[in-house]
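Chains here go by letter, A, B, C, D and E, matching the order in which they are written, and residues are numbered from 1 within each.
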Amino acid sequence: MVAAWPPLSSVIIVPALVALLAMGPWFARERDTNGRLCRIWALLGCLTTLVLLMSIAGAGLSNPQSFLRVEESLPWIPSWGVSFHLTLDGISFVFALLTCVITFAVIGWSSKPAAAGPAWYALLLLGQSAVTGAFLATDLVLFYVLYELMLIPVLVAMVLWGGVRRMQAALKFLLYTMFGSVFMFIAILYLGWQGVQTMQQHSGMSSFGFEIATLSSMPRLALNEQILLCLCFLVAFGVKIPAVPLHGWLADTYREAPYGMAAFTAALLGKVGLYGVIRFVVPLFPDALAVFGPYIAAVGAVGVVYGGVIALTQREIRSLLAYSSLSHLGFCILGIAAMSQMSVTGAVFQAVSHGLVTAALFLLFGTIIEREGASDFESLGGLAAKLPVTAFFLMIFSLAAVALPLTSSFVGEFLILMGSWTNYPQWTVVAMAGVVVGAVYTLTAYLKTMFGPASDTVPLRRSDISGGDLVVMSALALAVVGLGLIPSRVLSVVEPAVTLQIETRGPSGSAKGSQAGQRRGVEDDAQPSLSSVAAQTVSMPVNRDAAMEYVLDH
Amino acid sequence: MSSVLTYVGLSMVLFVIGAVGVCLRRNAIVVFMCIEMMLNAVNLAFVAFSKLHGNLDGQVAVFFVMVIAAAESAIGLAIILSVFRNIESVETTDAGQLKW
Amino acid sequence: MNVISFLIGMTAVVSGICVVGLRNPLFSAFALVVNLLAVAGLYASLDAHFLAVSQVVVYAGAIMVLVLFVLMLLNLKSESGRRLGFVRCATALVVGCMVVMSALPPILAHFSGMSSSTVSDNMMSSVGTVQAIGRELYTKYVAQFELASLVLLIGIVGAVMLAKRKNVELAPRPGGLVGGSK
Amino acid sequence: MNAIASFAPILVLSVGSLGYLLGGRAIENVRASALFAVSLIAIAVWCTLGLSDTAAAAGFGIVVNSGTRILAVVTCIAGLVSIVATSGSLEGEKVAMLSEYYYLMLTSLCGALIMVFAADFLTLFIGVEVASLALYCLCAARVDERRSSEASMKYFLLGCFSSGFLLYGIALWYGATGSLALSAGGTVAVNAPIVALSFLMILVGVAFKIGLAPFHFWVPDVYQGAPTSVTTFMSCVVKVAAVATLVRVLASSFGFTELWTVGPLWILSVLAMTVGNLAALQQRSIKRMLAYSSVAQAGYMMIGLVVAGSAAEAIGATLYYVIVYCAMTIGAFAVLSAIGPDADSIDDLKGLGKRSPFLAVCMTLFFLALAGLPPSLAGLMGKVYLFSSALSAEFFGLAIIAALNSALACAYYFRVPVAILSTRDDIGEPLRVPVQATLAIGLCAVAVVVFGALPENLLVIVRDAAQSLVVR
Amino acid sequence: MQSSQGLLTLLVLIPALGSALTYGIGRRLPALSGFIATLAVVAAFGCTVSLWRGIGVGAESVTVSLGSWLSFGSFSLPLELYFDRLSAVMCLVITGIGSLIHLYATGYMAHDPSRPRFFAYLNLFVAAMLILVLGKSLPVVFIGWEGVGLCSYLLIGFWYSNRDYASAGRKAFVMNRIGDVGFLVAMAILLQYCGTLDVVNLNTPQMLAKLPADMGLIAGLMLFFAATGKSAQLPLFTWLPDAMAGPTPVSALIHAATMVTAGIYLMGRMHGVLEFDPAVPATIMWVALATAALAATVALVQNDIKKVLAYSTVSQLGFMFVAVGAGCYGVALFHVVTHAFFKACLFLSAGSVIHGCHHEQDMQRMGGLAAKMPLTCVSYGVATLAIAGIAPFAGYFSKHAIFESIHEISNPYLTAQLPLIGFIATSVAVCTALYMGRSFILTFLGSYRGSEHPHEAPLVMTAPVFVLAALSVVGGLLLHHSLPTYVTGPLPPTALHEAAPGILGYLIGSVPGIVGIGLAVWLYLIAPSLTKTIRKFAWPFEKLFSGKYFIDELYDRAIIAPVAAISRIVSRTINQTVVEGSGGAIGVVTSAVGELTCRVTTGQVATYVLIMFGAIAVLLRLFV
């Protein structure tokens, strides 16, 4: 065990700190007229986080024979068995990285809500902090707190700088999320109570009952229990992702939020839902998932088609983006439902890819909407001649959205489709139909905005992409294409973590599995890291084979 | 002993009559009087129970209730007066500005 | 319970109904006085002589005088306007009956099981003389006795606070002489 | 001697407050009055902390243990903070007479302490009446304000009506046990119907003070009509004292396990949170909204008492939530009173972010806490505690109803931060917040954040208190 | 070996880099863009030739790995290129004809302001097409597959300010996407059962043995379905005629010579899977015949010169699939090559005509151009003869081989219908000659009916055309022995019959072509009035043909309109009312209940007391 420095929590703390400082008087409007200093400050904060993240993950990443796993655990509320437990493994690493990149892009994007001052950057950074935290948390209560926290910056930004119907949209978003998450809240508390009780029975001491490691090593819950609890979790995550019948908030939120925040929301918030399913639902409710699997797959596949079909006739850009997100995330849901190594890895990859692509699309289309002062396709068109650079990037990201090979989305969708074919061929075919629909609406959107005779509307704002924005877009495009060209680097980081998640407890409800689970729980108790009082940062660059043995043994 | 219980029953009846009065009357002063009647009914119960148990705790309690009732009446009437000064009525139906 | 107590009890009930039923507040007040006196009589029949006297003095005397004073002061007529709805009356009565019917049986049931000997033993010693009550008040309940003073003080201070007005220049109301009642 | 010493906090308040009546002109200005009140309460807190435990039987109607001590301290501090927070806006509210006002305030607090410490029902009733009578007057403190006196009258009539029931309950308890002491349960079979009857009557009286539906009707009217300073005070002090009373009555007299304790409490709890939240949805007046919200919050608090029979931890949860609730509510009302004496409509908050960023941030924190959202984690943690104790006692229905309610509540809590963030044309000048208000509001904000983020110490205290309360 | 691997890498990289360079440099110096692009393709051609010679001499195939692409855990999918004889032929066609067309385009597009973009796309297309034919595993093939689709989309919509052109591009892309579903399903099946997607491995009997019977059938059908998209067969062919919206060099390169033959290539590559179940070749045969017949008849009545060629392409592709269905992949490939020669030649000549007539495409407004652009006339004429299948032009040999292969069919599902197949194929051949003759006559003979002043194309355009014309003349003769057998190895052996050699044989073999051309001459040159008579009687057919069998309309009515309607219904009804509306409804109900709750708080003390009293009564009743 090598103590890692800097500690993992710095990844959460630094952006929050930077955000608070950004609100300080030294970035007041009078002194910092264009907000340029504040932006640079925010970018620096973002960059620092990125560097910290990379340096923490560095040890695990640099050694090809090991896989990434860094933990940090502090006792937080010992009397409830709640700990401040962060884990950085392959899955959380890529998502945390995505968070950094997206925040960086949105902050770096020069166009921001007209009235926004330093608060804009502060909110984004706070959002980054919360989302990163949610991606790292392995204690359920901590996760829930951060899960709720990440809502706040989005809502605030919506209310401050959103569209005309922002209040209703924000309220809708809030209520949908809350009604979803209260069920998870109850389920978490129920689980935690079980966890604490079990730990007391097993070891006679009050231990951290909300930790995912503890909970997944408990003797299995009864199937009925699992099903109910699993449903609670799924409803919460389903709202967040969003999955199909629970997406009522989606279009309004994306339409009314300032588009930078819409990019942030679309790119990251839903991913927390996906992450939550992989991180929490999969190891906690294996039997229930075995029951729900077909239904989840159906939700995913239907979502792909449903979102696509609705997007076909949308007349408003952001609505179209919203429903296209619904469609793309359907793939991820399908991938997770299939529970094969390939499909889940693909789902993670697709989630990351969708984050990059959708953020870029929101930024680009947002700028177009701002420039033209219109957001419906009827009043747009022929922009390719006027905005060649925008058109170029838009083309790249549209193609990425339709999952053209050599873009990141293709890798994700390909893995998902190939991986879920084995288990759910029928739903995979349905999802494949969504590929066609996706091409139709994406290209239609491009066609209606970029192609056609050049309209002679007077631009409201500056014209084509240039300067810093060019850097941002190029970076995103590079990421998308790079991930499409050489995905292996990322895949090989994600895959061991995914395998660990899937295989921690086999999906079958056999006695063997539960014995293994119990055995594992007992041995976990023996590890000092669980009960240690002081802050302890544990890094486990374990040999790959050894890791697999570890999994199998425990 | 059955006689003592009759007192308790009587007190319950008086208490409920008072409560019904509170429900039905609109004049604040009459409502207040009904409340006084309720307190009285409780006092009767206290005395009856005191008799029943053969200790004086109940009677002491009645004494305190009387004290409190006196203070209550002073304050209550002052409040009613204050309301009257503001809305020129002591009917509770007229004091309905705060609602919903 | 002898006949006299029974009659007094009936008086209490009837006067109580009158308090609720009479439309003129003044009549209600007088009915209440009767009711309070009747209850005092009941106290006496329960051997709580001190309380009976106190009841007459404090309640029927002081409090009711205060109430009547205020009633006179405000020069109130009988409740004006429309009558209370039949539905409300009926509801109140039904609810009242329900309360009595659900509350009385457990009380009666509880004490019907009590052995009469202990009760009658107790009865002998429960004489509410001034001396007995005074002893209780100054020994066992001395703290409460002191605290009760607090209640009275609040009564005084509160009444003063509410009655005193800053803006005395307000025109006197037709209803009566309000402003300077302090 | 020991027994008399245990009266120290009550004596400090009751005797000390006489200073207002005797002090004359020396204490006529707000600052001096407030300072005097603060110092008295501080001394009372200090005395409370210094009290040693009494044997239940020996005291003069008073019982001191770590539970009552903590409750008393919380009551006092809640009163202290609310007095400090609103002292700056008293002049704006045209409160009738300052010295009387403060006298009644302190006496009411004294009554609350008596309620908390009471060892027998008589003391309890006296405490209730002391606290209530003073508040009836305080509600009418804006004597020329129609709403103020109207609120006062409603509070008075309804309060007396409900204390009639409380008293009848006490009488029945006396009838059943032959004693007025809280913990005389040994002489009677606890599950006798008469005891149930007694409990229900007492519950009605206490539920009224707590503001549980359907005994909550006074809450919105009075909170709205009373001066904001008084509303601030009563929203926390009365509620703490009443909840404490209920806890004590349940713990020492009736127990937590009978159907007739659990059942009514369950119903009242569910009704309170549902009715409170539903009604709050419709409010345009912040004070009414907060009033209904406090009804709902009271419903949450009751969860701990409902489930305490099966989960011993639960009383701790209620205590924790009460403390957190105080911080949130005092803060919210204090901000409201700092904005202005007549600030009531949600529109009055518009542009607060510009007028006073400090108030805006704090108000947002309080409302987020009420809604159970981070970053002011106190509310969320309170719910964690309450709901998990409900779950561990296997009251799943209650937990789910409560959880749904807390989601529903977001719908209206959300409006206040939104109003703060949005602007209107005539937002007015920057607000000048009095120093004492700043301090008090800041304290509440810190409490709301810290109690949530680092709850461990508070949890230990609360658990200890809960344990000592439950021991009969 | 090392050098050939390098060459293989270069082969793909050069056009790709060329694309970037063209765009990068071309933006500053538009004049250079065509030159750079052409150079890149010529260089690629050089590489191909050298590679091709290499495998002739030494190894049978060259494999180069460009690194791991999709590899993680136990799953590994390297980015590998594979050059064998089959790839070699395809590459030669792509780069060879590609070079010529690039050269041509430098003239054709000389005055277009967005030349750099055009050439960049064109180069990108070459790169993608090369990846398609060089990919060693199906996903790598899929990269190229999608890449060429993309370039096709971009180039069809090259003049994007015309929304119809852009829509045509979108249509092409979407149609191809529909086919891609087949590709994906096939990959999923193969991956699940065979555990590999390597194109070489998959055709081995061991691998095929792992496939369950039904899955093998589905995989084969799905692969063919993918090919119908790319190679414009029924039911997905409708995009190709619309694709003529693009600049003519694009039509020549992408929509005639190379991209559309990707389906044939895929069939060849995956022949093992196709032949897993004989039902698949049978299906292919019938679909191909239907497509060929349908397209040929439609081509009869088209007036747009490029549309005629487009339908002709569809029809010829049908011929190729006939060969595939017959199991003679070598023959199909042979037709791919010859078709590339003459169809490219036809398109480029047509391009010259269009160029010369100032972007006039309607043959009704042409005529008599033989005098005004003789060179073009010659090349078009030669290519017409070639496509008509008249000996000794290139088309004759490949078509003849196809007819031969029909006789060789041993597929149990087909043997009974061999005469019918033969008849249809022959009729289509006649039709081909007829419509090509018609187009030649309408364009070049007679008198000029237009209003412009046609002029001959510049040398840079005519030169490549002539090269292609020459190839159309001699290509078949040169290759008909070698090519079908050359690719044996990657493809199953093709039994070549030295059928009817000599002049007589040629004459007999050319009969359908001669008949067709004769008919054309008779109908359009000698007795034009006869056409009117025929039209009078055969108007239903004419209507059917000129309406393109109303397949577009059918798709509009049966698929697009319903989908749009569903979309609208789902969006309005289900999504807005049910999904979003349910939230709203819950909200409305909740606030209504809230309103009620508030209304109870009437402000009247009496009400409050009554409710409290009632509540007490209820509590007492319940719990005492």
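Assume a contact is a pair of C-beta atoms (placed from the backbone, for glycine too) under 8 Å apart; a residue touches a chain by one contact, two chains touch by 3 or more.
Quantities reported herein were computed from a predicted structural model and do not represent experimental measurements.
J.: Touching chain C and chain D alike: which chains?
T.: Touching chain C as well as chain D, we find B, E.
J.: Where the contacts of chain C and chain E overlap, which chains show up?
T.: B, D
J.: Report which interface contains more C-beta contacts, comparing B-D against D-E.
T.: Looking at contacts between chains, B-D has the larger number.
J.: From the C-alpha centres, identify the chain that is farthest from chain B.
T.: Result for max centroid distance from chain B is chain E.
J.: Mind having a look at which chain is the central one, using mean CA positions?
T.: A
J.: Compared with chain A, which chain's mean CA position is the farthest off?
T.: So the farthest one, by centre of C-alpha atoms, is C.
J.: Any idea how many Å lie between the Cα centroids of chain A and chain B?
T.: Those two chain centres are 64 Å apart.
J.: Using mean CA coordinates as chain centres, what's the chain B-chain E distance in Å?
T.: Centre separation, chain B to chain E: 96 Å.
J.: With chain centres taken as the means of their Cα atoms, state the distance from chain B to chain C in Å.
T.: About 5 Å, centre to centre.
J.: State, to the nearest whole Å, the distance from the C-alpha centre of chain A to the C-alpha centre of chain E.
T.: Each chain reduced to its C-alpha mean, chain A and chain E end up 39 Å apart.
J.: Residues touching two or more other chains, restricted to chain A: which are they?
T.: Those would be 175.
J.: Multi-chain contacts only, two chains or more: what residues does chain D have there?
T.: Chain D, residues with two or more chain partners: 122, 126, 129, 133, 136-137, 140, 143-144, 153-154, 157, 161, 172, 175, 193, 196-197, 220-221, 282, 408, 411.
J.: Taking each residue of chain C in turn, which ones touch at least two of the other chains?
T.: In chain C, residues 84, 88, 92, 95-96, 99, 103, 106-107, 111, 141, 144, 148, 151, 154-155, 158, 162, 165 touch at least two other chains, as defined above.
J.: Can you give me every chain pair that touches, using the contact definition above?
T.: Once each pair is checked, the touching ones are A-D, A-E, B-C, B-D, B-E, C-D, C-E, D-E.
J.: Where on chain C is chain E touching in the complex?
T.: Going through chain C, the ones touching chain E are 84, 88, 91-92, 95-96, 98-99, 102-103, 106.
J.: Hey, which residues of chain E end up touching chain D in the complex?
T.: 587, 590-591, 593-595, 597-598, 600-601, 603, 605, 607-609, 611-612, 615-616, 619-620, 622-624
J.: For a test of understanding, state which residues of chain C touch chain D in their complex under the given definition.
T.: Within the complex, chain C touches chain D at residues 103, 105-107, 109-111, 141-144, 147-148, 150-151, 153-155, 157-158, 160-162, 164-167.
J.: Report the residues of chain D in contact with chain E in the complex, numbered from low to high.
T.: Residue list for chain D touching chain E: 153-154, 157-158, 161-162, 165, 193, 196-197, 200-201, 203-204, 208, 214-215, 217-218, 220-221, 259-260, 263-264, 267, 275, 277-283, 408, 411.
J.: Sort out for me which residues of chain D touch chain A in the complex.
T.: 368, 373-375, 377, 380-381, 383-385, 387-388, 391-392, 399-400, 403-404, 406-408, 410-411, 414, 417-418, 421-422, 455-456, 459-460, 463
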